[in-house]
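Have a look at this one before I ask anything.
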Amino acid sequence: MTECLIPVIGVVTDIRIDTPDVKTFRVVTPDGKKAFEHKPGQCAMLSIPGVGEAMFSITSSPTNTEFMEFSIKKCGCLTTWLHAMEVGQQVTIRGPYGNPFPVDTTFKGKDLLFIAGGIGLAPLRSVINYVRHYRDQYGKVDIVYGSRSMDDLVDYKEIIDEWMTTEGVNVHLTIDREQEGWDGHVGFVPNYVKELGFDVNKTAIICGPPIMIKFTLAGLQELGFNKTQVFTTMELRMKCGVGKCGRCNIGNKYVCKDGPVFRCDQLDELPNEY
Amino acid sequence: MQVNNEFKPTIVAFCCNWCSYAGADLAGTNRAAYPADVKIIRVPCSCRVNPMFILRAFQRGADGVILCGCHPGDCHYTSGNYYARRRMTMLFSMLDYLGIERERTRVEWVSAAEGAKFAATMNEFVATVTKLGENKRLEDLRCKN
Amino acid sequence: MQELMKKRAVELLSTGNVDRVIGWKRGEFAYDCTPAVFTDAKDLWENFVYDDFSAPNLSKYLVAECKKGGKMAVFLKPCDTYSFNQLQKEHRIKRELIYVIGIECNGKADVDKIKVKGVDGIIGIATEGANFVVETIYGNETMPKYEVMAERCLTCKSKKHMVYDELIGETGDVNPDSGRFDMVAKLEAMTPDERFAFWRGELSRCIRCNACRNVCPACTCEQCVFDNPNSGIQQKVAVTSFEENMFHIIRAYHVAGRCTDCGECSRVCPQSIPLHLLNRKFIKDMNELYGEYQAGEDTTSRAPLTNYTLDDCEPSIVHERGGKA
Amino acid sequence: MKKIALSKLNDFFAAIAAEEKLYLPVDGEKGADYKLWEEGVTYSRALNTNRSAKDFFFPQTENIVDFKREGKTIEVIDTRTETEDFVVFGVRACDARSFTILDKVFLVDPVDSFYAARRAHGTIVTVACTRPGETCFCGAFGIDMTAPEGDVSTWIAEDALWLTANTQKGEALLAKVASLTEEGDTSAVDAQKEAVKEIAKKLPLQNLPTEAFKGNVLLEKFNSAKWPELSKACLGCGTCTFVCPTCQCYDIFDFDTGHGIKRARCWDSCMYSDFTKMAHGNSRNSQVERFRQRFMHKLVYFPMNNGGEFGCVGCGRCLSKCPINMNIVKVMKSLGGDAE
């Protein structure tokens, strides 16, 4: 019998330094394949035995058939360890967990508006790249991405070289404060979204710090968006990843199983405990 | 760990940096022999040793634990070893109360000049613990091979 | 007694001398009560309870309550006043915010002792002289109170209040012949093998619910060593017998010299482990080796483990003194 | 219905124990607990055990997997072994129902293979209650203490143990002891059931109302103003969770043995402050929130996800074990009256 709590081995084949505190790790199985297939927005449990295990968004698109990528911000015990490791290090991996973004249903044919702040781009990156891959199946794509500073923009190179050059994809970057060498927009994401004033027939996907999500959602509602058009992705402490260990619940929903993707109106029916 | 059925105990010796560690050093320089199974852990002062350290040593496979510090009155920090003395007395008494062999724990005051005493103490302690055999009552099975 | 206490508490609340009263609230059955903070005189009048089952020591709740500010009154039994002093000594509570009402205590009953007698389906408990009349759905049972008194009360060290602002009922005397160390002495007289077997039998029942720690008025660390994931010790499970021993040694050790022997740890243990025997061992040892000391007797003295003399005994005394080897 | 004279009970246990491990409640100094049966062990007719029977299927701690780390490589070592067959005798109706509840967590996809293996290998023999106590409120959750579930249900009436198998596993067990049993008519059992039902009517909590927790009451109950008051005295210990037959939350932790890493899981309690603690914060920072989580889970979240079945079986352990006597009954009575 297979056991969902027993992981497999993954090998880190590439480490990219994105920002001073974010690195992107490329992971494959020891025989060089993808550990498992996933859908955009799903997560996986990465672990270093003896250090810890935690849930991370899979940031590479499912359309990538060679490897998986994880963009990880250094903030705790395990992530500090991960940041210190070198190429060739093995980790353990299990998944995929959680429900994906409805890329094949609700999102089909729609104009999409991605709004991300800081490391919040990580879970959206797989969706964005998935949508770029199946470009003809979706409408216009707008991406609003903001960070503390220029140096804190994750995937900056990919944004400039690939996203900005894709037809029908508009990228709007912003940083919190003026900075030398930056001639783009300066200001917080929620305000920038309002300034840009998007058309209300779009479907919005938000991820970022809780406070950013809160104000951006309010901003979108001011613009006339309905909560049913807005999706977000959550994170709470998880141990099992399969809805059994009992801690990542918001009301009767488990983030690891029923989430992490929620439509904003669904969250209204749940207690405010996240 | 048994080799040829001959039991060789693992001993952890916490040695204070100022006296006992120097004493152990002197024992080495003087080529005073004591068993290699004594693992020395240097601590800044005997009172740095928390009761948990002693227990953890047993958990991790020690068969006997000995704490060495400066002679009372000679503490580099004036009073550290006086506190250590009370603490260890209480801890050893509690271990004894729980039925754990009292001979597995010991405190000895060894000055920097007492290389010979250090070696003699260790030899004696190793002999005592060897007689007792493996630590069974305060072992953690997970840590056994 | 209960009526006097209620009257006084309502008075204190309604005159605004205090804005809350910490006491016990009536529970579901005749024998249970829950510590409660009353802010409303009517609620207090209806639900306050003080009887033979009002066992919880309320002094630890003061730590949290003091952080909120405001004046409060608290009812303390003699043994609770020791904990109170100890908390004050450790600067965990603010004396000036607290109005201590010392209350007389003649020992508390332990419902488990009633149940162990095979009495189930308890729907009422009445007092008749020195007896309890326990009303059950299977009929009434009469039993002497002392038979079902909690162990800690049978060996009560003191009926004297160490601190109070006002007293309801009488304060009693310290009882040096409580016999509270008898069981410890009995264990000491056993062989190490017998002691080991005894403690394995007791400690192996532990489910690591941490109730003993959480209820302990001396356990007021902001973060417990067992809650520190980097300590390498399991917080909520004893995987091996080593961890069972470790937890109980360290728990008792951390309160050694500060433990007033209030007995809450043994009272709350869902597995009925006699944890007080560990604490009492430390107290007995310290009394014998470093001179008589009773934690909580005052608010200034230094505890044995934060003190020393130049001619203390050597740890080898453990090897040398009596007791079988 | 089959029956065995009580005088032959020891032979009955011996016959089962000859083939597989048999556990049953045994009286100790401080109440009854499940123990392995061996010659000389006497079955306790105590109302309930200190610890629940969930231990047999979901033990307090178990090893999940071992690892070896060397340089940059990691080796995964599956340490699972074949589970042996075992029988648990003397489970009460409340604990028997708890397995149905645990099944709804552990046996839904993805199946927890540790739990599933034990479920597959364990046979549960229940015993009907004859002397319920004041802390029993199984009736509130539709559990009939006189007709316990399980693979085999039994009744101790007059001078015999009456048995009936409910499942294939149960029939297999009865087949093994067939030589000891004889057919008997059910009148003694029926009479006992009636008598116990009469006793149950006198119990104060058997008819505890649960209506207030049915339907879509999630936000109403969650936002109730009564939680701070109810949780005020809570010590934040894990007693209620650990004695509860249905509490199933667990933690996973690594232990470095010095020559490898053991990854194990253990019971966890939502009452503990580190339950939801993350590197960047805690979603349930106060004891009020943690206390609320436990009762909301049992009374609202679990029923919402499982067709209205409550996550409590009314065994009454938390009532008698809570250090400060705060319990689910008080919560239900208090919140049941909420008309906000």
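Here the chain labels run A, B, C and D in written order, and each chain numbers its own residues starting at 1.
Please note the rule applied: a residue touches a chain if its C-beta (ideal position, glycine included) is under 8 Å from a C-beta of that chain, and two chains touch if they have at least 3 such contacts.
Since the model is a prediction, treat every value here as computed from it, not as a measurement.
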> By C-alpha centroids, what is the most central chain here?
Replying inline: D
> From the C-alpha centre of chain A to that of chain D, how far is it in Å?
Replying inline: 40
> Distance-wise, how many Å sit between the C-alpha centres of chain C and chain D, to the nearest whole number?
Replying inline: 30
> What whole-Å value do you get for the distance between chain A and chain B if each is reduced to the mean of its CA atoms?
Replying inline: 53
> Which integer distance in Å separates the CA centroid of chain B from that of chain C?
Replying inline: 36
> For chain A, what residues touch not just one other chain but two or more?
Replying inline: 77
> Taking each residue of chain C in turn, which ones touch at least two of the other chains?
Replying inline: 229, 232, 239
>> Counting only residues that touch at least two other chains, what does the list for chain B look like?
In response: 142
> Name the touching chain pairs, please: which are they?
Replying inline: A-D, B-C, B-D, C-D
> Which of the residues in chain C come into contact with chain D in the complex?
Replying inline: 27-29, 32-37, 56, 61, 111-112, 115-116, 120-123, 136-138, 205, 207-211, 213-215, 227, 229, 232, 234-237, 239, 267-268, 270-272
> How about chain D: which of its residues touch chain B in the complex?
Replying inline: 255, 257-259, 262
> In their shared complex, at which residues does chain C touch chain B?
Replying inline: 184, 187-188, 192-200, 225, 231-232, 239-240, 242-243, 245-246, 249-250, 252-253, 256, 278, 281-282, 285-286, 289-290, 304-310, 312-319, 323, 325
>> Can you tell me which positions in chain D touch chain C when the two form their complex?
In response: 29-31, 33, 47, 50-51, 60-61, 131-135, 199, 202-205, 232-233, 235-239, 241-243, 251, 253, 255-256, 264, 266-269, 272-274, 319-321, 323-327, 329-330
> What residues of chain D sit close enough to touch chain A in their complex?
Replying inline: 64-65, 67, 69, 72-76, 78, 80, 105-106, 110-114, 116-117, 218-219, 222-223, 248-252, 254, 256, 261, 263, 265, 268, 270, 275-280, 283-284, 289, 293, 296-297, 300-302, 304-305
